[in-house]
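For reference, chains read A, B, C and D in written order, and residue numbers begin at 1 within each chain.
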Amino acid sequence: MLILLKSGASAVQIEAISARAKELSLIPQPVRSGSLELLSLTGATAAVDPAAFASMPGVARVMNLSAPFRLASREFRREDTTVDVAGVRIGPGTFTVMAGPCSIESPAQAADAANAVKAAGAPVLRGGLYKPRTSPYSFQGLGAEGFALMDTLRAQTGLRFVTEAIDEQSLEQVEAHADMIQIGARNMQNFSLLRRAGRSKLPVLLKRGMSATLEEWLNAADYVLSGGNPNVVLCERGIRTFNTHARNTLDLGVIPAARELTHLPILVDPSHGTGRATHVPAMACAALAAGADGLLVEVHPDPGHALSDGDQSLTPERFNALMKLLRQLAPAFGRAL
Amino acid sequence: MLILLKSGASAVQIEAISARAKELSLIPQPVRSGSLELLSLTGATAAVDPAAFASMPGVARVMNLSAPFRLASREFRREDTTVDVAGVRIGPGTFTVMAGPCSIESPAQAADAANAVKAAGAPVLRGGLYKPRTSPYSFQGLGAEGFALMDTLRAQTGLRFVTEAIDEQSLEQVEAHADMIQIGARNMQNFSLLRRAGRSKLPVLLKRGMSATLEEWLNAADYVLSGGNPNVVLCERGIRTFNTHARNTLDLGVIPAARELTHLPILVDPSHGTGRATHVPAMACAALAAGADGLLVEVHPDPGHALSDGDQSLTPERFNALMKLLRQLAPAFGRAL
Amino acid sequence: MLILLKSGASAVQIEAISARAKELSLIPQPVRSGSLELLSLTGATAAVDPAAFASMPGVARVMNLSAPFRLASREFRREDTTVDVAGVRIGPGTFTVMAGPCSIESPAQAADAANAVKAAGAPVLRGGLYKPRTSPYSFQGLGAEGFALMDTLRAQTGLRFVTEAIDEQSLEQVEAHADMIQIGARNMQNFSLLRRAGRSKLPVLLKRGMSATLEEWLNAADYVLSGGNPNVVLCERGIRTFNTHARNTLDLGVIPAARELTHLPILVDPSHGTGRATHVPAMACAALAAGADGLLVEVHPDPGHALSDGDQSLTPERFNALMKLLRQLAPAFGRAL
Amino acid sequence: MLILLKSGASAVQIEAISARAKELSLIPQPVRSGSLELLSLTGATAAVDPAAFASMPGVARVMNLSAPFRLASREFRREDTTVDVAGVRIGPGTFTVMAGPCSIESPAQAADAANAVKAAGAPVLRGGLYKPRTSPYSFQGLGAEGFALMDTLRAQTGLRFVTEAIDEQSLEQVEAHADMIQIGARNMQNFSLLRRAGRSKLPVLLKRGMSATLEEWLNAADYVLSGGNPNVVLCERGIRTFNTHARNTLDLGVIPAARELTHLPILVDPSHGTGRATHVPAMACAALAAGADGLLVEVHPDPGHALSDGDQSLTPERFNALMKLLRQLAPAFGRAL
């Protein structure tokens, strides 16, 4: 940590800053850069909040030289991590597509979706049973009763199943019935939920919060990782901006940026990232080209009748066509579907 | 709900949209505006997701004419609501200041803060026991052991106490020991937590999410209100933008906008809204002038030693000076501290 | 245009709104949607500012049913436009790469860059002579004296040349020496400059403003088109968001969205869109996959010595490798380099 | 300037960075902070683009320790600047209200507006003759023919007149007829226009760009100041965010932040900052409370008939009431209207 001192900082002020650093078990050392005076603080800086110094008299700016996340960082682990979802690999060399409806709505809809996903060759079925909805008056998901349905479909199709947990109770159900726990964008900083996921044996799909920086996202991953669960897959799903042409602004540029900082795999959700089914194929291909490890994509047997997010769901036909295109493109990017 | 049809929409497409509307118990009626064709859908539109129509062939745009939130709306209740926090009123005619440290850190720090808050004349003490922190390696709050400390301080000072709940378990503790439940910005769309707060007898302080629209915020309030808890106070605390001059961008313009849509009281948190103690007094006065019903403001007996957010905490002296200034200004805005 | 009336709007208020509409040569007609009352206004609505009604008593909301831009719209021209830059085509079936240094700095640097661009097979050389720089103390470009240099290089290499105009005077020089006029992001709403470009015979490369919506961008295109210049090429270069991992947030999702609304070609600038040379190849491929018609990419013979934007410039070697990869990928997207 | 080296940076890489620094007339010196290695670069760093180093091998991060703007900074001038607009002072101790219609539309409208502004006690009339409009089909202002009208009104009322220049030609007309040159938000980085304004004898009102950081805004001021014109007044008018409740997000928090960095006066435009006349009085008072030096506010004798921005214009009655309120409040903030 480096502290840039104000030009007129007094000796008493500098002494107070140094004393504060020592209290926090840091070692302060004066540094000069031309006419500017700085203090270098070394030791266990990651546990120290820069705010501890920012308001002290004589301080112009506090610069954190090391990122606060550890276990998610390339410094902790240099090689790319491959996460195993009940035998399905997510990581380098593969391009893993997880597909299915936004919400599981009925036995018939779920079966049609699962069959469409399997027929198109995607190995993982997605589908929400607990839906975080903006309005309390919208459909909130089938809840617990949907798990039996999914058990049957998993057994019949051999597909793996990923679904969202929204609190401790639903997370326990997901653990008992699914192959991967999804943490949604709205819960990316629900730290109680992250800690609970960190104690799970199942891999975790961690969606990016809609206004989360890359650093905050990797800090959220560290909540799970530091709980003892090494299997975290990131998922970019669009951020909130001033744009009105799409539901969210899909930030594909975060992929090469994340690759530099973290060893964790990254998926892209072009369905939430655009909000428009007709824009999904273009952005799915762009995600592959930008270096993603796979997709989370919404497929519904009858999007016009979906109880949620129908406007961003692909039909089975369009999904099948997309899978063919991705299979053709993947080798150029060193990947196989 | 109005559906604008594409210029070349076919009779078959229009028929399909009408059929879908009827399935959802809505009544479709054709409407013309010059050369443009629309369908008006009436009935219980609030429970219907516009996405049900947005992706159907022939649809150009779906316009929701009524806001999805109900109980928070001026249409549900025309007069301003006053919320009672164990005898302290928040609403028209008053300007209620809730102050205290970001985190409760120790008996001495808490006592000094409480005494400073009381001495300056603020009726409610704020202080975090469960802290949602971006990094898992930062101080996470005293947790459960802090409640006994707060019980003592409440008894000694007569101050009311508001503190944050981050999950069901902590909410139960807050209910048992505090006078008001704070739902933090990161949990504004933690719908399980909102539903649980809706079943509480305590009033709820609902902070705005850092990328939440006003409509989403009022929907979140409806989660609490529809659970049976009518006592919700909103709190603007800054939104996330491209700005770098402040920790968040305090959106005071949301106050007059919210006044038109909702009857609920609104506080402002200038501490998180700026992140800089030296900017807090200006924005606290601006909040009063913009029409806020009060403040949530950070005060720490020794900001340089705070375990969190020290750079945005006022000293007792500066807080006292701010309270004097607010007391002087309030009557011009029809309020009293 | 549709006006949603407030629930208690009086007959007098509605009459006033109708009268105002008639003054503006619009035809008002009452429309009902269930319990809601609306007024449909038809006629030449594109020339009418919705603000004319928004503040009138009794008005709840004004909805513009038709987009304000005309000549850029698919309704004006259904088929994709191909723009010709001195024989180089930009549009469907091709993928046109424009490359070169951020700034033209010296005869040697310009020659090295031009040779590298030509050797890699890109047909258009980019290079700034007038540089809009955030600080007045930064290098501002060679200005007028650079044009002679570019004349020589164009003659020697056969490359087309695109460079930025920042005011009327520089636009006249660009017209005299280059093959295409670039309008930079900061000038996307410099309407005097757009009008002047609309009177030019040269095609125009119109970069998106850093906080421009798609609709505003197409309105800017209409300024050029309505001046009589039909040759406008759009260029996405990243928008401003809260992100810190990149200089700008490259909004590739705008490509499929723009395709629906406009017939104009769209390029992508992954250099400004990321600000990091190491991220450029991934985003260049993603742009192709998302449906772009080409790239604007920075190449510098010695990025470490660039007078501007060195950190986002590719070396000739990396650019050559990128061109090979794009040439290999393009056919899968129905394009050829 | 400080360069943080990558952990594995080689001696050859560090040597290359040092050599590059020396070429740019900077003095490199190694600095250590615990296990981290840095290079301190001193000398005329303000003229050096950090990008010159950011892409070099071995560089992890480049930190600029000094702000790039000079003449606008508190370091250049410690005391607050007062700008004189033909005898009307803008700066400490005063609260200067500039009011009038968005556009000058006709002799009658201009006269009514001017009389209303004068009657309410505001000393400066605002009114656009050249209007930067998003669509080329919207009313673009009266242009040159309006100046004669304004000459008459100035003579009759004694009001000072501020109006916008959008290019060199209109700036010359503004110089000849008005008392202050307005540079609009869309032209905040029109550097040719800023340089031209820097050569003017008239004071300049520099509106903040809709996605400009505070630092970029002060750099824009430096373009004017470094041209020899010391009379720059800043004007905050709202930034672009994800918000939908207002036309722009008025960033009042920028006022205390700017006060620390610059000596220039700052006005606030609550009309553009909200886009809704009913929200203007609250935000006007909030601007005063936040420390602004005055307002730029839209007043129209008949907002329902305004040719532009009618929905955000106050009627003469509401403006008069606002002026009375401000006059009453100002002394508490050490100001007088």
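Methods note: contacts are C-beta pairs under 8 Å (C-beta built on N, C-alpha and C of every residue); 3 or more make two chains touch, one makes a residue touch a chain.
Every value quoted in this text rests on a predicted model; they were computed, and no experiment measured them.
Most remote from subunit B, judged by the distance between CA-atom centroids, is C. Across B-D and B-C, the chain pair carrying more C-beta contacts is B-D. We define each chain's centre as the mean of its Cα atoms; on that basis subunit B and subunit C are separated by 39 Å. Centre-to-centre separation between subunit B and subunit D, using Cα means, comes to 31 Å. Along subunit A, residues 211, 240-242, 276 each make contact with two or more other chains.
For subunit B in complex with subunit D, the touching residues are 211, 213-215, 238-239, 241-246, 249-258, 260, 273-274, 276, 278-279, 282-283, 285-291, 325, 328-329, 332-333. Of all the residues in subunit D, the ones that touch subunit C in their complex are 16, 20, 23, 46-47, 49, 51-56, 68-70, 132-139, 166-170, 186-187, 189-193, 195, 210-211, 216, 219, 222-223, 226, 240, 276-277, 303-313. Looking at the complex, you find that subunit C touches subunit B at residues 1-2, 4, 7, 27, 29, 31-36, 40-43, 61, 63, 65-66, 75, 240-242.
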